Amino acid sequence: MQVLAVGAHPDDVELGCGATLLRHVARGDQVTILVLTAGQRGRLDGMSRQAEQQDAAARLGVELRWGGFTDGSIPDGPETITVIDEVVAATGAQILYTHATHDTHQDHRATATASVAAGRRLPTVLQFETPSSQHFEPTIYVDVAETIEDKLAALRSHLSQVLRQGPVDLEAIEAQARFRGFQGRLRYAEAFEAARLSWDLASPASVMAPALAFAATG
Amino acid sequence: MQVLAVGAHPDDVELGCGATLLRHVARGDQVTILVLTAGQRGRLDGMSRQAEQQDAAARLGVELRWGGFTDGSIPDGPETITVIDEVVAATGAQILYTHATHDTHQDHRATATASVAAGRRLPTVLQFETPSSQHFEPTIYVDVAETIEDKLAALRSHLSQVLRQGPVDLEAIEAQARFRGFQGRLRYAEAFEAARLSWDLASPASVMAPALAFAATG
Amino acid sequence: MQVLAVGAHPDDVELGCGATLLRHVARGDQVTILVLTAGQRGRLDGMSRQAEQQDAAARLGVELRWGGFTDGSIPDGPETITVIDEVVAATGAQILYTHATHDTHQDHRATATASVAAGRRLPTVLQFETPSSQHFEPTIYVDVAETIEDKLAALRSHLSQVLRQGPVDLEAIEAQARFRGFQGRLRYAEAFEAARLSWDLASPASVMAPALAFAATG
Amino acid sequence: MQVLAVGAHPDDVELGCGATLLRHVARGDQVTILVLTAGQRGRLDGMSRQAEQQDAAARLGVELRWGGFTDGSIPDGPETITVIDEVVAATGAQILYTHATHDTHQDHRATATASVAAGRRLPTVLQFETPSSQHFEPTIYVDVAETIEDKLAALRSHLSQVLRQGPVDLEAIEAQARFRGFQGRLRYAEAFEAARLSWDLASPASVMAPALAFAATG
Amino acid sequence: MQVLAVGAHPDDVELGCGATLLRHVARGDQVTILVLTAGQRGRLDGMSRQAEQQDAAARLGVELRWGGFTDGSIPDGPETITVIDEVVAATGAQILYTHATHDTHQDHRATATASVAAGRRLPTVLQFETPSSQHFEPTIYVDVAETIEDKLAALRSHLSQVLRQGPVDLEAIEAQARFRGFQGRLRYAEAFEAARLSWDLASPASVMAPALAFAATG
Amino acid sequence: MQVLAVGAHPDDVELGCGATLLRHVARGDQVTILVLTAGQRGRLDGMSRQAEQQDAAARLGVELRWGGFTDGSIPDGPETITVIDEVVAATGAQILYTHATHDTHQDHRATATASVAAGRRLPTVLQFETPSSQHFEPTIYVDVAETIEDKLAALRSHLSQVLRQGPVDLEAIEAQARFRGFQGRLRYAEAFEAARLSWDLASPASVMAPALAFAATG
């Protein structure tokens, strides 16, 4: 299957759904990530966020494409939709991951809006959270117990962001996966809102067995 | 895989997710339906809603269990949760289908509330709509083009309700599947809200290819 | 009474509220539709969407005005608000129909946003759904049993869109009216969200008698 | 037309929609109010809340019926639904007014829930606010400039509640009508959420002309 | 403490949180208001809205800064965020007040969006209502019984808006404070939605004693 | 100041707001916790959940009261409201903490509903999350960096629940505090929804300075 994940800046896709993409790769899906800007505003002296993103993509085992927009100024209209449309067409993507719609960062919002528009013909569009998400109410959980470590490793590729402390706070990211797992009755999970999920009941097994005994409080 | 669908009255499960259950049966899943009441208040003279439900279950190819509650008075607390708990345990269900939470019918609400509580350890709990649903905002769509006809056939088993005109309005049910399909980029679909869906990326293919070309308006 | 309906592209108004506008016309209201773009992006070779829209407006019996914006690039700010403001002033509209606010199509969103802003002084602003609406939760229903056929006829004027299959899928549109009627306790209905509805209790009869017996399930 | 308003305690209907009921009466509709309890818990020594309610009903010009439930303990299930069902049937009500669904007072919630269930066959069910409403988001506004004074007069009938200071704070009630009018582009308004409003476009004029010039800030 | 309030036009800050800012001033906080435009579109002949705003700021006892944007065309992206960022940095603001997110006025929306983005590092961001707010659901209430009169006085500084009747309707503003107080168990209140409120439990007393006895209806 | 926290079962209050209560205690507030049931259904052989709760209360430094209801069957109506009313009156509580309203556990829901009703006269009612919360959207954050360790220690008092693995998963609880801190621009936080928060601007400093530099991603 063909999978596309769209993020505003280098590291956004890894933060939002990196461990899920690793699950796709592990089962043989073709995964492409489209990063809309080069993240110029978050640069540290002498460090290339593009090189970091290339390194992270290599670690994930995914193809990397660039959108060519300016950090801080991603439009949410036809220019961006067209760029994503073309990647959807070129890759034949059937699943699209992107930012959640409510986010205080204008680039995240614009990316979400344009991606959901570009995904208008796709049966499945899932939206991930970021540290600046608002009103995020996930209902879809993916078990990432086997890939959380590799996600954290891929995030370390974004060394400039780790050094800036805040954007990529690895400890907080792991806590988030642990908390989302707790909510999803799993040990570690990435959580998503569904713009639309076409759930396939043609293939034999598409829901996982409960991986963790869970007992309600009280 | 083991699947459980819980409905308040005879016909509720078929109306809400009958065509989806037929998809489960077709791929070899074991499906049980738990009907909490015998639907006494909707009876027509001389017609047994229990016999109708047995006939519908046979047509669907699912096991039928009864909850033994009184039509109109399903409690939403521990009695009902315990009954559903026991069926979850007895069947080993991993997926639970039930009513959506917001519904003007008190039995539908109570069934939803108790089922979601009983499903607290399950990785996947999906909620279906009824004619009395309110604020239903589905995000999960199941392609039922191949099973919609058999769903309508199963609904005809509930002859007393078809004759009463209204509860089972077959034309409206088909229109609903067509409309939900339109929303879900499919021809016919049943639509669900997810209390929680644990999406399995271990098996090779769990999202369907786009079954229908869709072009945005404009 | 003066009624204004604003749509982004040729066919949007007919899809969203065509049968309701026919009801307005039937009772003697003056109805104007304002189409913000000529729908250039959805054109088929040799077919004029503007001519199609003129034909549809003639069938509906409404006045047609054009906004002059570019398909795909409707702004949601002052340019568009000003255009709609002028039509509101010129027609003396008291009721405004427009797109619903949440829609994956950027032009639909911009039209909704600008129309609601332009309607800031109006007592009634109602918002209709499109195939790309999201989170649409209608509470206002208009009985269109008598006008649904004429709505479908008006949609056939948009032949380029019918031929493209998807944008104007007449079978799905009829299913939608049947489904919305089912929700609204009517046979066929168009459904709306209210930005604001000033409900007149000065005139003798403004709510319809139940047109269809409805019995709750169960 | 037949109109029914259901409230939990004496004074609730007047507080929530008294001025709107006066508009119904003025245009010749038959209005019935159903008060589910005698308001025992809010009694002042020596004062009869039932007599107060009778006086208020007389001032409004509406028929008064009692539900016979216990203040503080209104059930939200079949007993209450049956009582309301019977009044709907006896009066032939086509419009139902009741409490909004989200309210911290258990009797208000139960009344809302049971009334919406009882109104399942009615084309129009509108829900009013109380001082204990939560998350109230009205979209329907009724102009009550002509009846607000008579509403306040009817509320003075509930002398025990006026004396208790709080439940019926006439100054706050007038401020509320002024504020809701401001939102609804009117001078004084009562505001409603619509569970479902079937908007009649058969009769000639059902939306009011703008009663007040309104200019947006800025 | 340093407090910043951001409004789109002259008078917006006073309307939304003027009485709350007076509370901040009274306890010794440093308050700055940032007005993004000069309100050109709402001008009356020969009256300067900038002079009015300076007068109002003087009455409130706050510092006034101007954003320099054009009335009607405030962008919601990086230009505006940068301007607000600079004032946040220059003032050392720890609390940010701004417009609520859902508002039919494009300038109000853009101001809200840009302010919330600019407040990304701040522990407390509160959002106020305007006459064009939509879906406003406040949960934070500030007691303004002692400052409501001075708020009204400050609003009178915006004489051009008072004369235009509508934008600054002092009677409606007082009714609003009375109604919000009623909701917040206070006599007069300004009400806020919290984008994020970091509630300090280090200092001895940060929640007020109930200022007004409140008795539930019924 | 007087503070009251209401939980359904032993350990619920500690899980939801234990670290916040420790902040109240540290600044000299009088804190009472009301536990509505003895948690009979979650008992391990030979272990007393009441003794565990007494131990936890002692560690927190708070007064403990019991509601006397049956685990699994807490009513949400007048019996429970009366019990909480009495504790509110006896303690003079001005702040009330309780469960969030949407929770799959019936006892949690009933406790939330009854507590919010009992808090109808209080200026501040805050609602905490549990592992079974749904749709929890916090906006209020309390910095608990200094008390998170003592919260975990208090939770260890509930040894039966720690041993049952699931109800009190200390690692997940710490991850949750870390994640909520990340959202609230703090290191560790407990997060709340506000039913109503009366924010005091009479005392000198009620919002904390930013404790942690935060940089937006990108």
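Chains: A, B, C, D, E and F, in written order; residue numbering restarts at 1 for each.
Methods note: contacts are C-beta pairs under 8 Å (C-beta built on N, C-alpha and C of every residue); 3 or more make two chains touch, one makes a residue touch a chain.
Just so you know, these numbers come straight off a predicted model, no measurement behind them.
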| item | value |
| --- | --- |
| If a chain touches chain D and chain E alike, it appears here | C, F |
| Copies chain A and chain F touch via same or different residues, half shared test | same |
| Centre-of-Cα separation between chain E and chain A, whole angstrom | 36 |
| Centre-of-Cα separation between chain F and chain E, whole angstrom | 32 |
| Residues of chain C touching at least two other chains | 72, 104-105, 120, 132, 183, 195, 213-216 |
| Interchain contacts (touch definition) - all pairs | A-B, A-C, A-E, A-F, B-C, B-D, B-F, C-D, C-E, D-E, D-F, E-F |
| Residue numbers on chain D that touch chain F, as the complex places them | 72-73, 104-106, 132, 134 |
| List of chain C residues in touch with chain E within their complex | 76-78, 81, 113, 116-117, 119-120, 195 |
| Complex interface listing, chain C residues touching chain B | 8-9, 11-12, 15, 37, 39, 41-42, 71-72, 104-105, 107-108, 130-132, 135, 137, 161, 164-169, 171-172, 174-176, 178-179, 181-183, 213-218 |
| Sites on chain B touched by chain A in the complex | 1, 20, 23-24, 26-28, 94-95, 120-124, 139-143, 183-186, 193-211, 213-216 |
